[in-house]
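When the chains are written out, they are named A, B, C and D in that same order, and each has its own residue count from 1.
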Amino acid sequence: MANKDISFAVRRGTVHALVGENGAGKSTLMKILYGVQRQDEGTIKVNGSEVTLHSPSDAIDAGIGMVFQHFMLADNLTVLENVVLGAEKLHGIGGGARAEIRRIAEDFGLDVDPDDLVADLGVGDRQRVEILKVLYRGAKILILDEPTAVLVPQEVDELFDNLRELKAEGLTVIFISHKLDEVLSVADDITVIRRGTTVASVDPSEVNARQLAELMVGSQLPTPETSESTVTDRVVLSMRDITLAGGEGRDLLHDIDLDIHAGEIVGVAGVEGNGQAELVEVIMGMREPTAGTVHLEGTDISDWEVREIREAGVGYIPEDRHRHGLLLEAPLWENRILGHQTERPNVKGGLIDARGAKSDTERIVREYDVRTPSIFVTAGSLSGGNQQKLIVGREMSHASKVLVASHPTRGVDVGAQSAIWDLMRQARHEGLGVLLISADLEELIGLSDTIRVILRGRLTGTFDPDTVTSQDLGAAMTGADGSHGDAPAPADAGGDAAYPDSLTGPALAPSPAADDIEDPR
Amino acid sequence: MSTVVTRTPTPGTAPARGSFLANPWARWGMIILGAIILMSALRVITGANDLDSSGAIAAAFGLAVPIALAGLGGLWCERAGVVNIGLEGMMILGTWSSAFCAYHWGPWIGILGGALGGLVGGLIHAIATVYFGVDHIVSGVALNIIGLGVAKYLASRFFTGLPGGGPTQSPPLEYAPSLSLPGIGDPLLTLERKHIFFVSDLAAIVRGLTTNVSVLTLITLGLFIATWYVLWRTAFGLRLRSVGESPAAAESLGVNVYKYKFLAVLASGSLAGLGGAFLTLVASNLFRDGQTGGRGYIGLAAMIFGNWRPGGLLAGSALFGYTDAIRLRAGGQSVHAVLLLVAVLLLLIGLWQLFRRGRVVQGVLALVVAGLTAWWYFAADTVPNELAGTLPYVTTLLVLAFAAQRLRMPAADGLVYRKGEGH
Amino acid sequence: ACGSGTSKESSASSASAGATSASASGSASESASASGSESMSSSAPAGNSDLKVGMAYDVGGRGDQSFNDAAAAGMDKAKAELGIETKDATAVNGENEAAREERLNQLVDAGYTNIIAVGFAYAASVGKVAKENPDVHFAIIDDASDASKGDNVAQLTFAEQEGSFLVGAAAALTTKEDHIGFVGGVNVPLIVKFEAGYEAGAKAVNPDIKIDSTYLTQPPDFSGFGDPAKGKTAAEGMFQGGADVVYHAAGGSGAGVFTAAKAAKGWAIGVDSDQAKTAEAGVQDVILTSMLKKVDVAVYDYLSKAAAGSPVSGNVIYDLKADGVGYSTTGDHLSADIIAKLDDYKAKIISGEITVPDTK
Amino acid sequence: MTNANLRRALLSIAAPILALFVAFLLTSLVLMALGDPVKDVWITMLSKPKPRQITNIVNGAIVLYLSAIAVAVGFKMNLFNIGVDGQYRVGSFAAALFAGQAWLPGVLNILVAIVVAMVAGGFWASIAAYLKVKRGVSEVISTIMLNAIATGVVSWLLLKVAVRTAGSNAIGTKTIPESSQLEGWKLIPGASNRIYSLLLLAVIVGLLYWFVLGKTRFGFDLRATGSSETAAVASGVKVKRMVMTSMIASGALAGLIGMPLLFGQDHSYGTTFQAGLGFAGIGIALLGRNHPVGIAFAALLWSYLDTQANGLQIRAGVAPELVYIIQGIILFAVVIAYEGTRRLDIRLEQQRVARELAAQRAAVRDQEGAVA
């Protein structure tokens, strides 16, 4: 059961925030509201009258619109087509619709061209398309499921401006987020959900972020211990002048110089799609750089294959564990072999050593606290956090020299998250060099020894995590350095100055990929 | 306001560049004109007059239409995200049922009957893939086996004992009517027979397209236009395509994904069945066991060739029908002439690869093959019948080899979708 | 704008008159011995024979309006006149040797005393099953190889090249353009035999004659025997390329050749049976002549001898001399002049003055 | 654990049985609707096969098994090799041509000819593999085209090399020398015909398939690529090379399909050589769920139906093609049943994991609560 005994009320013309940890049941609740899932019991009332929502169409008719945590867009259709889909009766699918979209876009400051192909849009634009879709249908109640997870602070500001505009027009917004500072800055009311039930409804002016966080988790928050630097001066991985040519003349990566020392965590900050994925692919050997070299402990590995690189001691925690890290329909012990098909204890010569792999999987399950009934269940039946711990355990089991970790805690709950951080810190302590890529700025700041910013395929800035703020990073990530004065300030910044940097973020990391966890098959 | 940096210009939508060629009609016009000039040059050089005679064009039509119909069936299906390898089976069902209906109630009902027979196949495929979530390819393969069995079984059950019929063939049927543009056939033929560069070729093509054209061919053309219009210009089509691109998005907007997939597969079946009807009522006048001869598969290939678009599909089926027609009509002689064309094209491609793209291996390979083909052309004066028969397949393969990388199928094509799973 | 095509009524009436019509019986033949004795002719060697005849057809089987049907017609005639019991069994596309053997064995098991295998594909299986069942009599059509040889096997073969020679000569004598054509169904040696004889006959009349020749498919794709659309396209090509007589040896695809001839106002030449009688009504008048391959006669002969108690074995060749092949004159499209010339060639072939090649 | 395995085993047996029953029912309905003798049909189809027929069933299954394994290698990697038909044609022709020359004595001739068949089949498949890897051409289309091209090319070559036997209308390659013909084994008591000696080949191929796919690194890589290409790439599998390898392996195995027929029965490649086995292989591989043992059962079932259908016309007066309907319905019914049970299985598994985890969590909380 994902939800039980939930009740909350939303006032018209307000922004109502819903907070809760990973898997608390927020998305499920909203899906019920939107008619995608059905409640087993209970009632939903809109404007005082009870409604039954069997399908999204019912919800749309009731004036409810939803922007999903994962964008629901058809990449190969145009913005116009995506917007009018399902609501063709309103203004047709041609000129009339185009004019209407332009009008709405104008009214609410949502700047998109109806004739662009969605595939060509960035995340911010996609989100605006999603909101347009909802407004186009004349929705009076908007549900936004974690709309800020993939946005940089400046884009978040723009979104909030849009929301205030909507509110001013008399629309109601239900807003889901883990980022308590954002919630406190934009919401008029807050409802907290824990393990499927509503535990509190609070007024944002009466709570601070710490209180809110403790309401969410239901206990004291873990505090990440600050550990002293373990950085050595031995370079384990070095990239020199790496360039990767893209399709239309633009370089995906341009003149990248990067050193990772033993015992160092180098964080890379950047808006999605600025070359992080390509950077990882170049290091891992999935793509060969057009120019430049990659050295692993002095050996040139630029033209090595993935397998050779992995054998040489580069561990890899992929960004998307379902697509790149696991065989969802294979049992855990076979997933233990994945990525290390040539190494002990998985194989002997050309043969799979099932016994060795199984006993080592047992060890990982034990040591890394993977919650599973056995190593014979399929990877797909584990929860996201446990899947991730299995991957981390696997990658740590081969005396790696370098670990490439992409979004290692994305969509993972508090307990698993801090476990993963501990594991990474411990590995760093033992002399591992880590490249950490994350969309979660607090995580980057909390874990890294150095932070580099990637923008349009170039490394544009270097920051010291002890001094940098997420606003600085946000500005650097969008290329608008120095203009960070207007970032949303925590409501109680004065009350607990150290708090935003050291606590909220890492403890309650955003989880843009959380819904990945449900196996689509 | 956009601070997001990943925006790239949409390819092909820049209106400034080459304003004339940007118009698709103009572009197609130029391509067709170029093709005619190329063919007439080839004809004059090689003396293979049947290369673009009106008869060859008409025959190409006759062979292309069933493929095009099967392909159109595939297009409807795959645009809604359901892969249809069962086109062959649906087509076979179409041949039997059109023959059955035509025998009892005349050709018009026969045409309808063909569509109905295919529809039954579509219904099975739809139930299996959409409702039960069976892998699309498995269902298609099973459907092909069933289609074959059912048609043969029903034929022996219903055609045995009829005059001229038997377990493997129906009695002779009445042809579906055909039309000619009056008054221009003979003058054009005279012009064509003069074998003047370009002029005769144009006359032949116009004559081929206007003389003795079956109503079913016209219906097919109409269906292509209708398909384009419905799929790209109506709300229904938008929904149908959205289901093939992103069923989760469509469902989240209240589109009934199952319904559209179901309808698309049904349409697909009837179109393939119509292709079967063409075989029994236009290309010949009876049902025969094995009559489809793999045309369903070829239709699928033509659709992929055409990048899941009606225009491209039409081009693909025309190419296939044309190559099949010329090799059937004049056998080795026309195919021999085509060798020269292939040699020249490969030469150009090889040079382009070498000097413009700097791809040595591909370039040299193309040049070597060009040389061999040219040698073959000059060393022999015909191509053996057995090899001439492979021309349509070789051509399709070659063209795909050079063009396949630009093809893009619907994003959710072939994926089994379950209600509510996309969220 | 005009429609083309024929009405089904007329085709129906004509086809029922055809020698190779399938109308005689369906597959349920057990009750036939009674009706057989009713229609028994006085010339029949035996009245109510206790022969049980099983016929194993090639792919297509009874009702293919072609070769299998001719064999069926022979058996039906024997059934009607000799009062024998018969059974049909048809090959399935893409089967292997074992399946053919099995079919023959099934007939043996079911107690059939005389088993006729239609088509050269049965050669090896007949040889094998015949050896295992010395008490059963076998016949195979179109094969005279060692594979099928046996004391209890009759090998019924035809000199298709000789018949084709005559229609080739007829074509050459009829053409006004000195340009004729040949459409083969599937490129197998048997069909090449037709082509070789046809060419030889045409060249005998006019050594400079132009002959277009094509095959619709290559083995193992046997759809060339059942794809009228392809037959039509091929023949159209020949007619539009200047030929005015086209001979087909393409089974069911021949229907397309006739259609093309009709549209081009040219001549077509039929094959196996007298197609001017068996083809659909609308196109009968374009059939100049047909190359007769009297499979029905061979089957009937074989059965009547067996019924008389003297079953044949060994190779029986149905050539011009034995009147096993020939040409038809239905429709009187061949002038007396031409017929005289053809008879002259026929005499020369019978006498051995002309040897007709059977390969190209 | 054992509980889950038992459940899975039960489900995977229940599915095909259910499917057979459904096929029986639907076919009977069709027959009844059209007024055909339902009883006679089933008496014929279900009668106890004679020893001779059992031999035929086994022999048929041997060939179908090889075909299905060839297809399954592709399936395991999500490659849809429709080209098995053309590949085995090319392979059989090449092997027959080679063996007919009698360059080598007896068994050696057979062994080398088998290698020749594999090389030829593999070569033909490599064209499709190359086009897929280098030019992005879908293997579905390219193999359809290559089947047709194989037909033309083999016909052409056959006419070039064919030997004619006196009195025969069939042509074929030179007959392989007697010393290289395999007589077969008398395994079925009372049968006059023999089981192909190359049953051995099918057994070896089956074992190899099981061993290579299940037990080796290569097999692991191949399966990984099949179940998630993206994950395989990230794990260091060179997918393009894998496509090349498995497509060629599939083609090489396809080359074997004709071998039992060639050495045990036909002794030359000619116009009457069996065609169409590649397509049957697709159905059988799907029916047997790409599992070496499952495929064996599926091949036997398929061959049983084929063989029993032979008598349909003689014994029940119904067109033997009825068997296609039965086979098609079985295929549909089985996959629908598999799909249903697979889903059920996944759901049960997820529920179980959730339940056990919840129990664990509760236990942990209790402990923590006790400590605090």
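The definition used in the following text is that a contact is a pair of C-beta atoms (placed from the backbone, for glycine too) under 8 Å apart; a residue touches a chain by one contact, two chains touch by 3 or more.
Everything numeric in this text was worked out from a predicted model, so none of it was measured.
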| item | value |
| --- | --- |
| Two chains sharing the most contacts, counting C-beta pairs only | B-C |
| Intercentroid distance (Cα basis), chain D paired with chain A, Å | 45 |
| Rounded Å distance, chain B centre to chain D centre (Cα mean) | 30 |
| Geometric centre distance via CA averages, chain C-chain A, whole Å | 76 |
| Chain C residues counted as touching two or more neighbouring chains | 27, 90, 93, 187, 217-218, 221 |
| Shared interface positions of chain B, touching two or more other chains | 167, 294, 386, 389 |
| Chain-chain contacts as defined at top | A-B, A-D, B-C, B-D, C-D |
| Residues of chain B touching chain A in the complex | 1-11, 13, 233-235, 238-239, 241-242, 245-246, 248-255, 408, 410-411, 420-423 |
| In the complex with chain D, residue positions of chain B that touch it | 85, 124, 128, 132-135, 137-139, 141-150, 152-154, 156-157, 167, 294, 297-298, 300-301, 304-305, 384, 386-387, 389-390, 392-394, 396-397, 400-402, 404-405, 407 |
| Residues of chain D defined as touching chain C within the complex | 50, 52-53, 56, 59-60, 63, 89, 148, 151-152, 155-156, 159, 162, 164-171, 192-193, 261, 265-266, 271-277, 306-307, 309-311, 313-315, 317, 319-321 |
| Touch list for chain C against partner chain B, complex | 1-8, 11-13, 15-16, 21-23, 26-27, 60-65, 69, 90, 93, 187, 212-218, 221-223, 226-234, 236-238, 240-241, 252, 255-256, 259, 263, 280, 282 |
| In the complex with chain D, residue positions of chain C that touch it | 27-28, 54, 87-90, 92-99, 101-103, 105-107, 109-110, 120-121, 123-124, 132, 142-147, 155, 157, 187-190, 193, 217-221, 315, 359 |
